[in-house]
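Paired with chain B in one complex and with chain C in the other, chain A is shared by the two complexes that follow.
For the complex of A and B:
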């Protein structure tokens, strides 16, 4: 069945359904609970599934991933959120040295069924600095396309 | 896709394009498409354009603009970066003979380099031009005011498409 949704709402619906279907699924990260995530991807999940399943963690990425590894090895399915891609580096050692290698290192005996959600890519400043950049934000996608297409023609001719 | 990622027994890093969070689209709530598979999002005949995450929209916009110039771009959403599902891409490049890879990350030792190497290995005798990359620059990520100049845009994708016809 197809529905018309934003990517953010679709992710929220997907997480909600995963929490409903499997009691071992946990959501954890900075501000994912009470606030609903800085991008509102986990909005309303803590209210409906409780603080034991949608967990606000301390501001320590290495700790988030490290805790999730332990939970995953013991049968849970943690879904961690790293708030922004730029914040992932403190957790990088855990991801590279433990998450990525555990299955191989244990000769397939240990599984680490966890998901690390990372909002990534450009235009991160758009929302936080919108007031100071009216020109950029008022440029609608169709208009920018025409403007750029026109610029290209003059450049390549 | 997020549900499939959670259901998977393997650890998965799930990258969400933050500037596309508010874009609307049809969502298949039953999620029947395979998790580790690329997807052809626009069929075409002249150039194969590969992208993932936020650059898929840019590639599609470039395809729309290129259509006005009479160039028919085939656009792939790679969807999964490790493992890479390139079989459909090889099939496409053998038809089009041209390939452009688009990503936001810098080009040096980037995913585009790996893809270019693999496509060249598999499709060498079909290629009419080298596999070109449209990427961020090899600098630290810039301040907000310069972001739009750093990130690949429609213009740079179309320039690369033009260059593949220059060989």
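For the complex of A and C:
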């Protein structure tokens, strides 16, 4: 019988497995290190994989996605955490105009293998601008794939 | 600009021809060689070239200007959609472009045609972008120059991340270490992305050189609309060295860029270089600079032309003769003619290529769209168009 996990614990296990399997995988974001992320998704990963692979970044979302693009071009596979869904907008140009279009613009010569993980839903108490359901707009950029993890089903597109 | 006691005037005396004391210059506008010049970082800069190397720098400058003029002409004749001329910025681009070592990586804006040329990229590549054939088809992995970036400042973060990757790969600390050069303009320094790139580079001690071509204008807005202090001084607040160089002096630009890149590859972290230059032409072919700047200002900068001073120098040194100048002019002419012929011969891309490479491994949604569009195109079979 399969082990039952919360989504948070499953994500943590998935990230751990990715870090174990591929030395090029990096986890980066705000508070993902010692704290283990504000939702504890990266709990314990920095302790086991070090500060070079589980990276506490400066506090700027565009910087997280933009530098991850450069790391991906260099051959790394960054997994970025955006702390709250409502905080993703400062990174919007980097997501919509940069990462999503590089493969097309370079006629396939530049590959940008990276993951952007954004929490949504849940039941934590937050202000009106912290959760803002950007996933509808997130789905509009072409050339990126968006997955939504949910308790009952996983919808992909 | 209001002159308060907090902000130094940004231009003023420099425009009038007196370089600031912190301005690295090794070749004056009159072609006089300066042996050594101290930068704002306290470092003494100098450069030694052979006679042949001086001649080759002159050749680069002349050929690049000629190719650029050809591209402007092609746009005026309707053969390019738009063109962003580098006129006036040749020395900044050749000096920095030639300072790169083979293992270094460059992240350009959309005006670095001279840097591309120095990296051995066929000059037709940027023209195919401006003609709408493709998005610039050179291979960034082969030439170590990333794609042109139009969104102002966005590439500074990509360059920073790439430089962080160099560190992770252990490719810093020796003469064979790698470094990144990131190009941007004076206007870009107001962008959040550029400031974030400065922060990331500083915090992660990335092997990167931020090369700002301050050409005095962000389209119509003069530098005073972007800053109250000289741009190179911004680096102080981020925790790495910054310096200003005469961007119309190919020797000084080469010297400071080579030193900054070597510092980066040896593990000494980022540097900000402000190449102080002037955009002699329009922002792009869609722009009309007579609406926002006066002719006398352009004339002042004409006197500081980056090519004339190298010519004056090699003439005074008697290391180039009339036959050499004629040969360079002829090469520039032939290269530009060749460029023109190839631009006119460029085939239009097939409409269905629009769907190529959207996703690395294809996509059912895009495949379905391609199929529908192919059917639509087929419906014109046999008609005039």
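Quick note on the criterion: the second predicted complex is superposed on the first by the 120 of 157 C-alpha atoms of A that agree within 3 Å, B and C clash if a C-alpha of one lies under 4 Å from a C-alpha of the other, contacts with A are read in each partner's own complex, and residues count from 1 in each chain.
Quick note on the criterion: a contact is a pair of C-beta atoms (placed from the backbone, for glycine too) under 8 Å apart; a residue touches a chain by one contact, two chains touch by 3 or more.
Please read these numbers as outputs of a predicted model, since none were measured by experiment.
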Identify the partner contact of A:83: answer first if only chain B is touched, second if only chain C is, both if each is, neither if none is. neither
Taking the superposition as given, does A:73 touch the first partner, chain B, the second, chain C, both, or neither? second
One more residue to check, A:46. First (chain B), second (chain C), both or neither? neither
Should A:109 be classified as contacting the first partner (chain B), the second (chain C), both, or neither? second
I want to verify the contact counts: of chain B and chain C, which reaches more residues of chain A? B
Classify the contacts of A:15 with the two partner chains as first (chain B alone), second (chain C alone), both, or neither. first
Intersection of chain A residues contacting chain B with those contacting chain C? 72, 102-103, 111, 145
Residues of chain A touching chain B in the complex: 1-8, 10-11, 13-15, 17-18, 22, 25, 39, 41, 72, 77, 79, 84-85, 95, 99-100, 102-103, 111-126, 129, 133, 136, 141, 145, 148-149, 151-152, 155-156
How about chain B: which of its residues touch chain A in the complex? 1-3, 5-31, 53-54, 61, 64-65, 68, 104, 136, 143-145, 147-148, 150-151, 153-155, 158-159, 162
Quick check: in the complex, which residue numbers of chain A touch chain C? 52, 57-58, 60, 62-63, 65-76, 90, 93-94, 97-98, 102-111, 142-143, 145
With touch defined as at the start, can you tell me which chain C residues reach chain A in the complex? 134-137, 139-141, 146-147, 149, 151, 154, 156-166, 168-169, 192-193, 196-197, 199-200, 203, 356-360, 366
